[in-house]
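Several structures are given next for inspection.
In the two complexes below, chain A is the common chain; its partner is chain B in one and chain C in the other.
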Partner chain A sequence: MKELFPAKQVLGFAFSILLTVVALAVIFLDMSFQMGMLILLVTAFVQAGVQLIVFMHAGETEDRPAIYTNIYYGVIIAIVTVLGTLLTMVWDM
Partner chain B sequence: MEFFERFAVPHPSPAIYASMVAIGLVVIAIIAGLTYFKKWGYLWREWLTTVDHKRIGIMYLISALIMLFRGGVDAVMMRAQLSAPENTLLDAQHYNEIFTTHGVVMIIFMAMPFIFALMNIVVPLQIGARDVAFPRLNALSFWLFFMGAMLFNISFVVGGSPDAGWTSYFPLAGNDFSTSVGTNYYMLAIQISGIGSLMTGINMITTILRMRAPGMTLMKMPMFTWSTFIANVIIVFAFPVLTVALAMGTMDRLFGTQFFTMENGGMDMLWANLFWVWGHPEVYILILPAFGIYSEVISTFSRKNLYGYKSMVASMVVISLMSFLVWVHHFFTMGQGALTNSIFSITTMAIAVPTGVKIFNWLLTMYKGKITITTPMLYSLLFIPLFTLGGVTGVMLAMSAADYQYHNTMFLVAHFHNVIIPGVVFAMLAGLTYYWPKMFGFMLNEKIGKWTAWLLSIGFLLAFMPMYITGLDGQARRMYTYSEATGFGTLNMISFVGAIIMAVGFALIVYNVYYSTRYASRDISSDPWDARTLEWSTHNPVPEYNFAIVPEVKSSQALWDAKKEGHNLFKGKYEEIHMPNNSGAPFLMSVVFFIWGFAMIFSLWIPAIIATIGIFAFMAHRSFEQDHGHHISVKEIEETETKMRGAK
Partner chain C sequence: MKMDHSLPLEYSTDQNKLNILGFWIFLGAEIMLFATLFASYFTLANRTGNGPTGAEIFEITPVLIETFLLLTSSFTIGLGIHAMRLGKQKAMLTFFSVTLLLGLAFLGVEIYEFVHYVHVGAGLQTSAFTSILLTTLGTHGAHVTLGLFWGLFIILQIKKRGLTPQTANKSFIFSLYWHFLDVVWIFIFSFIYLKGMM
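What follows is the complex of A and B.
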């Protein structure tokens, strides 16, 4: 019976709903712009992670190393690009 | 009548009207020819609906050569205009349009399909696979590229060409300063073909990771496959940035958003930033497969194992990451501080190191090798010194303080042609000559081929070396003329002569194809160059299923080792082969994309909405379609194999 019940998926589903509610709260609660953006960014990235791992089954097949290398590579490039852009266009202008 | 006025060319000239007539006549001639020779069915069955990677590769190749011609005509016109001071062959507006279309056509519609052509033809054969991972997607990639290219190319006769440079910087590219639909063409045509490139990226990565022959570990892949893999990883991470930037630019131009405007919180420089976040990785997307071709050619014709296989791979992996760390070097002069510029100067100089490593590897591959100078090898030998020159001037440009002097002068133009022509174009021509027998079953004429290589090199030196000098003297880039007093006249005349010599070189390629088609021997073996990798172990021309039996691989030069040690690559017996079915959907869907793009460009909203629905309809259809492919029976394989072997 245990194998039949997709506990991971059900929990993941609940968690992703929770993340959505928290993100939605930004509109309904009164908070500063910075705070709102911070919450949105954090929930967005956690949400993406949940989707990838729980629902798109990253890491459940023998492709695991390839998939994770890809994700890390993408994350590194994204961070570098965003920071570099901020540096060029805002911080050091 | 008012409705049709929008399609008029805003800045016409007799040459444009002549082109309109010429295009009309060619279209009529093609339609008449196809009908007269009853080739419509053949065209549809064998080409428009094909999902075979070899045929798709050949279609990429033909498109790339046609675009090379189009871009080349642009180039000769520009050099002719600049050949003398105060020349009036072209006016400012036409010159603007021509350098813009030249740049876009050469990078997006010539170089990209050329590398995709070789990737498609070679990679599945080199890794012992029967096709790419997603054959249908591959066809869609090609047709999206093709429709994007066609859309871009009709701009100069319908509505006017883009004229804001191939970089299309805002605010110049915004509605205030670029009032014609030209820049809409730029945004949408590149968007459509860019989506195709992104799909190819995913396709090639999956193919290389999942479909290698048994025994071929990652570190036993031939170098061209490695370079393709890395280039496609860069595509997957760089092209989305272009997609987003183009979408934002399109919305600014069509829907009045304010991403790149100068008021209401818009940020015009953000375009330049995003463009080069894609743009610098793009130059490595082009050069890495070129390096791969050189690696194959140099090792084959030195009759030696590639020197430093591991360092070759490592340097490409490093390049793939570092190519994302240097983009700001394209706009050192935009106003950011010295700190930022210094950081990007250093990363830029650092990326020259792995590139240098590769040069030494090629030199050491040739060292003590038994070199035979064939046409592909001649291109490679010419590439090494010429490309190094371009790398050195790149490092000069990389010094941000000095770049204030070089930026936007002819010096920059000389640099990037110096890396792109000997780097990418020579590699593609080397690859074309090298793989020609694999594609068509006969060899190109060696004598004409060598003449071509020499003409292109001499023409290249004459055309671009003078630009280094006039650039340092202050001749600006993208200026349609200059005064007598500058003294640039003579050097620009030399450039013009060089450009003509290059044009003759390219014409010789066409002649070579004609000549060899007529006279070359069809009686060649499957391995005419005495090569080292798997693609030469199957028949010429390659049967639909590539390999009757999937080969077993023990090293990165499987065929060479098999030849030397006399072991059999193909063990086991024939089994039924499962192949994908042809489909007209990719072609038709791309036609709808073309209509969508055209409607968007001219703000024809109703057709645009209908076409959008059409695109989604195709996707929905695909989701529910049942297509299990077809099987080639053992009997058929036996028949084909005996026939092919008999033909030898």
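What follows is the complex of A and C.
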């Protein structure tokens, strides 16, 4: 039974729960919008990283460079899309 | 067929390796799809017209339940893949079934949430905000729904054919998809719900 619950994945799950609880602080504690967004950005991206490395086995085989290049590419396009939209449509720059 | 026995079953043939790499490329495209939805959401989040704002309609309890259901399901499918690598088919199928049940529960809560939104006057056509909110949540929910059927068919196929390089490969790829849905949910949870309630 024990071999079915590898420590790495159990810890990854516990860490994800912890990050979710930390993220909840932004609505239960009194803080500025900037501070709240900073906390959310950190907890969300760290948690995505945990999923990618612990659960999705992203770096396990010889395809590792191709997989990471592709993920970085997707993430960069995503960030450019979101930040570019915020710049022109929300922050009015 | 050339088999490499030093690698887990799901990577054991060249075709399998390519399938997994191909699916990662698909997930790269999915990241961009959700990025466009988030970009639209941030643009329209304050255009509430005569409809309610996010702070008025979001409730933390169902959102937290959804978050923990999906987070746990992502954990159990990870355990399922671990059991698959140990060759324990029965344990693997149990973990996969638990995953799908958690996914089904998630979907149930999300449907309840949608019905609730419509009841409080936040339908798809109420305002730019409600329209992009329901589109973004709905796109994620549609992915989960598809995943439920996909996972069910994989369980049936493994029951019929056992663990082969092909079925192991399909199961692994399905697990990637399911983890990805959890990653998208983390961003929805953080930047739609928590930001909206801040």
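The criterion applied here is as follows: the second predicted complex is superposed on the first by the 84 of 93 C-alpha atoms of A that agree within 3 Å, B and C clash if a C-alpha of one lies under 4 Å from a C-alpha of the other, contacts with A are read in each partner's own complex, and residues count from 1 in each chain.
One rule holds in what follows: a residue touches a chain if its C-beta (ideal position, glycine included) is under 8 Å from a C-beta of that chain, and two chains touch if they have at least 3 such contacts.
Fair warning: this is a prediction, and the values are worked out from it, not measured in the lab.
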item: Touched partner set for A:Gly74, first chain B, second chain C, both or neither; value: both
item: Larger contact residue set on chain A - chain B or chain C; value: C
item: Touched partner set for A:Leu87, first chain B, second chain C, both or neither; value: first
item: Partner chain(s) touched by A:Ala66 [first = chain B, second = chain C, both, neither]; value: both
item: Footprint overlap on chain A, comparing chain B with chain C; value: 63, 66, 73-74, 77, 81, 84-85, 89
item: Complex interface listing, chain A residues touching chain C; value: 3-6, 9, 12-13, 16-17, 20, 23-24, 26-27, 33, 36-37, 40, 43-44, 47-48, 51-52, 54-57, 61, 63, 66-67, 70-71, 73-75, 77-79, 81-82, 84-86, 89-90
item: Contacting residues of chain B [partner chain A, same complex]; value: 209, 233, 237, 241, 267, 269-270, 273, 277, 321, 324-325, 327-328, 334-337, 339-340, 343
item: Chain A residues touching chain B - in the complex, by the definition given at the top; value: 63, 66, 73-74, 76-77, 80-81, 84-85, 87-89, 92-93
item: Contact footprint of chain A on chain C as seen in their complex; value: 7, 11, 17, 20-21, 24-25, 27-32, 34-36, 38-40, 42-43, 60, 64, 67-68, 71-72, 74-75, 77-79, 81-83, 86, 88, 91, 175-176, 179-180, 182-183, 186-187, 189-191, 194-195, 197-198
